[in-house]
Amino acid sequence: MHRLLITGAAGGIGRIMRQRLAPLATIVRLSDICDLGEAAPNEELVSCDLGDDKGVHDLVKGCDAIVHLGGMSGEASFAKIMNANIAGCYNLYEAARANGMPRILLASSLHTVGFYRQDEYFDANVPLRPDGLYGVSKCFSEALARMYFDKFGQETAVVRIGSCFEHPRDHRMLASWLSYGDFASLAECVFKAPRLGCPVIWGVSNNDARWWDNSRANFLGWQPRDNAGLHRARIEETVPLPDPQSSSALYQGGPFTEYPIFKED
Amino acid sequence: MHRLLITGAAGGIGRIMRQRLAPLATIVRLSDICDLGEAAPNEELVSCDLGDDKGVHDLVKGCDAIVHLGGMSGEASFAKIMNANIAGCYNLYEAARANGMPRILLASSLHTVGFYRQDEYFDANVPLRPDGLYGVSKCFSEALARMYFDKFGQETAVVRIGSCFEHPRDHRMLASWLSYGDFASLAECVFKAPRLGCPVIWGVSNNDARWWDNSRANFLGWQPRDNAGLHRARIEETVPLPDPQSSSALYQGGPFTEYPIFKED
Amino acid sequence: MHRLLITGAAGGIGRIMRQRLAPLATIVRLSDICDLGEAAPNEELVSCDLGDDKGVHDLVKGCDAIVHLGGMSGEASFAKIMNANIAGCYNLYEAARANGMPRILLASSLHTVGFYRQDEYFDANVPLRPDGLYGVSKCFSEALARMYFDKFGQETAVVRIGSCFEHPRDHRMLASWLSYGDFASLAECVFKAPRLGCPVIWGVSNNDARWWDNSRANFLGWQPRDNAGLHRARIEETVPLPDPQSSSALYQGGPFTEYPIFKED
Amino acid sequence: MHRLLITGAAGGIGRIMRQRLAPLATIVRLSDICDLGEAAPNEELVSCDLGDDKGVHDLVKGCDAIVHLGGMSGEASFAKIMNANIAGCYNLYEAARANGMPRILLASSLHTVGFYRQDEYFDANVPLRPDGLYGVSKCFSEALARMYFDKFGQETAVVRIGSCFEHPRDHRMLASWLSYGDFASLAECVFKAPRLGCPVIWGVSNNDARWWDNSRANFLGWQPRDNAGLHRARIEETVPLPDPQSSSALYQGGPFTEYPIFKED
Amino acid sequence: MHRLLITGAAGGIGRIMRQRLAPLATIVRLSDICDLGEAAPNEELVSCDLGDDKGVHDLVKGCDAIVHLGGMSGEASFAKIMNANIAGCYNLYEAARANGMPRILLASSLHTVGFYRQDEYFDANVPLRPDGLYGVSKCFSEALARMYFDKFGQETAVVRIGSCFEHPRDHRMLASWLSYGDFASLAECVFKAPRLGCPVIWGVSNNDARWWDNSRANFLGWQPRDNAGLHRARIEETVPLPDPQSSSALYQGGPFTEYPIFKED
Amino acid sequence: MHRLLITGAAGGIGRIMRQRLAPLATIVRLSDICDLGEAAPNEELVSCDLGDDKGVHDLVKGCDAIVHLGGMSGEASFAKIMNANIAGCYNLYEAARANGMPRILLASSLHTVGFYRQDEYFDANVPLRPDGLYGVSKCFSEALARMYFDKFGQETAVVRIGSCFEHPRDHRMLASWLSYGDFASLAECVFKAPRLGCPVIWGVSNNDARWWDNSRANFLGWQPRDNAGLHRARIEETVPLPDPQSSSALYQGGPFTEYPIFKED
């Protein structure tokens, strides 16, 4: 791969993937609206608002592959969501279509299904139940990706990221955690597969307590190696048990299910 | 019901429902961006761009029920879709939430699943496969409606309208046709049900050739009475048989699957 | 059929079936713990407590078929339930086994699944969610019937009766109503089938708003002819709309879901 | 349609379809190994052994559509089955491929699933359970048809015929009966559909007691109009009830499940 | 956890869990109708007949959690089953409801599904097929537990125990074995989960030959560590192969499927 | 086991199994139409054309178990397929039926489902989609085996072999590879099981990228130990990436889907 674009590269996951995915390409182009620090020798830094269609077209030009982490990564006002996640995602797909349709890894989210209970288990074909405007915007992105595949052949790996942190941080993440290493190995599988299509993949490690069945995505050969269960003892010792009737214990989306509609940011 | 709001009342379906749904309420408030003609005694006419949040809030105020037909009802540029269908739908739900959460009948579309083949049969839980930006915007609306129900209790009947015309017009509509009468009786069931929840309902008549299973929505007691099959002989005589490899014969969405991305309108 | 036994023949459904099922057999033996009135020429009346094993053995002797309506037909104290519905059902099956295993139509109930919501639709293989001790006792009976079939070949039609009255009485019964005529025709199908096995059948008329899929029981050839939907207008006019958050609007079991555990009767 | 070929036209169903399907084409070419009587003005008669590949190629040449009823239509020795049903079916598909791939209605059989019990209900995706060599040969034909569709685009309607007679003749046929009229209307739907694909369709009338779900084939717009249930009273009066443990009461395939392997014919 | 109650503590599994679960609570209260030996310092011993409602209320008072192993643990007369397993279970749930609804681990059994064949594979939503009165009583308990959860919020882990012994003892247990260690770790997961709900869990180790899919219970984070497959060589050497038509080879319930109805004990 | 028959013993898999399965029986009888080399002390060599029914009867006589690898193992002319795979398989089953019904491991193939895409995941109940005449002949064999089981009780393990080589050879085999060791251990499980029935088993190792769910066959206790994923790096380095639109990347059957119908061999 010659040039890999990572959008949202200044964010929590972006900063990590900037390091981890570097071996996949000769050049890594990084974009964000926030400061990206200094460029390493193999890096190109681009400041870009995803809502700016011209900017996004320039950003995508010359790229062989895209990891799209950009946009609001949590609940926000509709104005922000509409600009960064809705118009932003449309801009990205139009730019990709105009530039040879590089393969896309699209960061979707568990918040597309956040209103399912934690004692429900399902695969990626389950009807969506988003837990806020952020989750709704990811439903939009998934639908857009599927349409670009069916209509134009644009390939996308839709990855519904659970909770991507260095370690699981609370009881809910014993189910939803995605380790950095497992995310990186998933990206590698996505970009190396002879044919990707447009699968929906749960971005979750091999946790004892996982809620999701990923067998439909077996064909990629991805095997997550980490297991939040190994952090269980620490969490049981250090994190207070959530109230059984609280959103943290009840819903896969946890506290997101309780957020109001943000009117201003 | 005191006041029923019908958005998009100047459109093809809107003009019919303006007549047919009148008996359901004392006052029918009609809105559109296009000319609505003269108000009947039981009618209130409001000109409103759905993208205007203040206007939409005023529009919804005082209504007990909403039939939301407004927005772009076919493929259009992303700018128009984003304003009318995405921001417009958000504005409507926020307005409803601020005004007592009147029950909503939301016009979704078969174009949320337009890339399924015509020889596939399924119920409303099938994963979405929209056939264009219009279809994608309806996926957004459906996700938004579900989120407002799960989070706030706002009830919506999501109606995936097939092809709503006076009569079926071609071979594809032998499967997808929704008669005016059946749409009207569905609306009546939706507003009279003791509890609605947030079901997804195929807006299709009792056609011999229907592609969709509506039994999950049985609880509403809706029984479509019309059958496109009664129009089969006429269509076979007067409409040329589509090429078996054409989108009209292959996909549920028909020609929509072939439309390009409209850049300007 | 020579002799048909109807237990619970003094109850609401029993009194009707006493008339309707008479043509199926030369002799109809009727039992109840309550007064059965006068015997018609083709009738034998037996007073019997189902908890009395000897009495039940005598009751069953010489019968070719059994419609088992006996026992508590609604919520009651555990003592009563245990005697009439649990020991009573065991006594009946042991008596049947000792007397040539006459075919049994077992009255089970929608209250085996009363905690499902009214907007859920399913077939008879759904996991049970009883709404009280009465419903739990019917779960026991169903399990017992299945075991006697698997172990001994005793055939039973397990009929989960919805709401069996002359007419539907409220909004919930628009879905759950079973007409007397449809029950009688079901019994006829059950006793005339060359082979019955041990099917679970929803005892529900052909209502527009039915919650249940009976296609697994098609092989019996039963076609319910009545439709609660024809009573909709009357009910909408005369019965107040239930609160959407009330058990009457929310759960298939309606108010049964709210009953306490009765400690005394 | 210019020329319709009906193979097996001297058989039980063939003789009827010769009359009923005549309106579908200008010329009806009829073939059989048995005597076909005199040709009507619109008919061409061809004597042909399906095992003769050259003969079958000539037979198919010039035909726009094929109703393939030919071959052994019941249990027979493997030699006969292999010649007429296996080589015969291969010859037919090769001939069709060499002659413009006319649409084929392939007579398969309920005997592909004859070992399912009569109290089982399923759609056409169920795993096969043939009840003899005849049924196995039909499994071969179905697989061959599917392969020719996937590989070459040859369209086939695979019709699993239940029991096709003027009237149902016994208790089992109350479920499995296919009336002549319903078969003819199915053929009409098959040949008039804009696109056929390769669906598997249960060839069964709209019987109260049907075992099979045909909704996956809805798209053809076929609605069987007859109902074996209307013959129930006559059958219950005139046909002895089968023993509940006999193959006639137990299995969908009835007595076929008991046939030995025929070594000679 | 302050006080954990283990009923049936003198039984085969009870004696082991008495040791293994001791670390979970400050005090372990043990009850049985049989002799419990001497109390360790952290133990309270209570002799109690589960059929005695007052006794059971006293037994439950002050407990934070319950492992309910009590009652008949194999086939028995209906009188004994009704007292210990049916009335006993009702008494336990009423006592729990009156005493703060401590979380319950309810020992159900593979004998609720004993009539499934050994070559069938399913999850916990499968319709029940008990293999005797014992199995039927467990169906009752499961239904009761579900009702107390739906109606009152009482949490229960319904554990369908396979074959819980130190080692697997025959070919059937290569599939059904539950090791002591895996049972203990399951109990720990059940009592430590932030929210339990009312899941049905297969009590089975991670056996190569397991018949049951436990993924619906993943959320508990339980990972059985033992595998009966490691005992395969020993069993193949030392245990005679069962006849392929015997209940031991045919049914999941093994010989239980053959037991008669015990009239006396 | 006294005598194990391996047909097709001179073929690629046959030569390996000749060594690996030797420990399972006192005598291994090997047959092929090709040269089998020299017999080891425990071996009997038989030259046999599977299309010769007498020869096959002699071949099977005295055998306790059969591994049926014989017949065409890839695409061939219909004449060859019909003789070796269709008549040959019939001859084998008739011979087995006449000789005590020894248990059979039948080599079926992934080419029964070769037209599914590589991004589809399913279990063995999926409808068949063969990719050529070879695949169709295996569909015939599977149907025949099932019929002999349902009708006569003949047990067969239907093994749909993926790609059985020493190592995986290309990207597709990262999903479909079956190691020699895993095939041998499967055969051992098949012949040692107390009861086999007639399961369909995916013959595939424990590959990260496997397309198939084997859990329905768990009861055999087979655990494949190898994983093509360990060969991924080597294949990615040494084998060119297939074109994403080529059959090698698109279909499970790979190039088989493109083969023509072979008219001569």
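Letters are used for the chains, namely A, B, C, D, E and F, taken in the order the chains are written, and counting of residues starts over at 1 for each.
One rule holds for everything that comes next: a contact is a pair of C-beta atoms (placed from the backbone, for glycine too) under 8 Å apart; a residue touches a chain by one contact, two chains touch by 3 or more.
Note that the structure is predicted; figures quoted are calculated from it, not measured.
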| item | value |
| --- | --- |
| Neighbouring chains common to subunit C and subunit E, by label | none |
| If a chain touches subunit A and subunit E alike, it appears here | F |
| Same vs different contact residues, subunit A with subunit F, by half of numbers used | different |
| Subunit B and subunit D: spacing of chain centres that average the CA atoms, whole Å | 42 |
| Rounded Å distance between subunit D and subunit F, as computed from the means of their C-alpha atoms | 31 |
| Chain centre separation in whole Å, for subunit C relative to subunit A (CA means) | 52 |
| Sequence positions of subunit E contacting 2 or more other chains | none |
| Set of all touching chain pairs, with the criterion as stated earlier | A-B, A-E, A-F, B-C, B-D, C-D, C-E, D-F, E-F |
| Of subunit E, residues touching subunit A in the complex | 155, 192, 194-197, 199, 215-216, 218-223 |
| Parts of subunit B lying in touch with subunit A, wherever the complex brings them together | 78, 82, 86-87, 90, 94, 97, 112, 115, 125, 127-133, 135-136, 139-140, 142-144, 146-147, 150-151, 200, 257, 261 |
| Subunit D to subunit C touching residues, read off their complex | 117-119, 121, 171, 174-175, 207-211, 213, 229, 232, 236, 241-245, 248-250 |
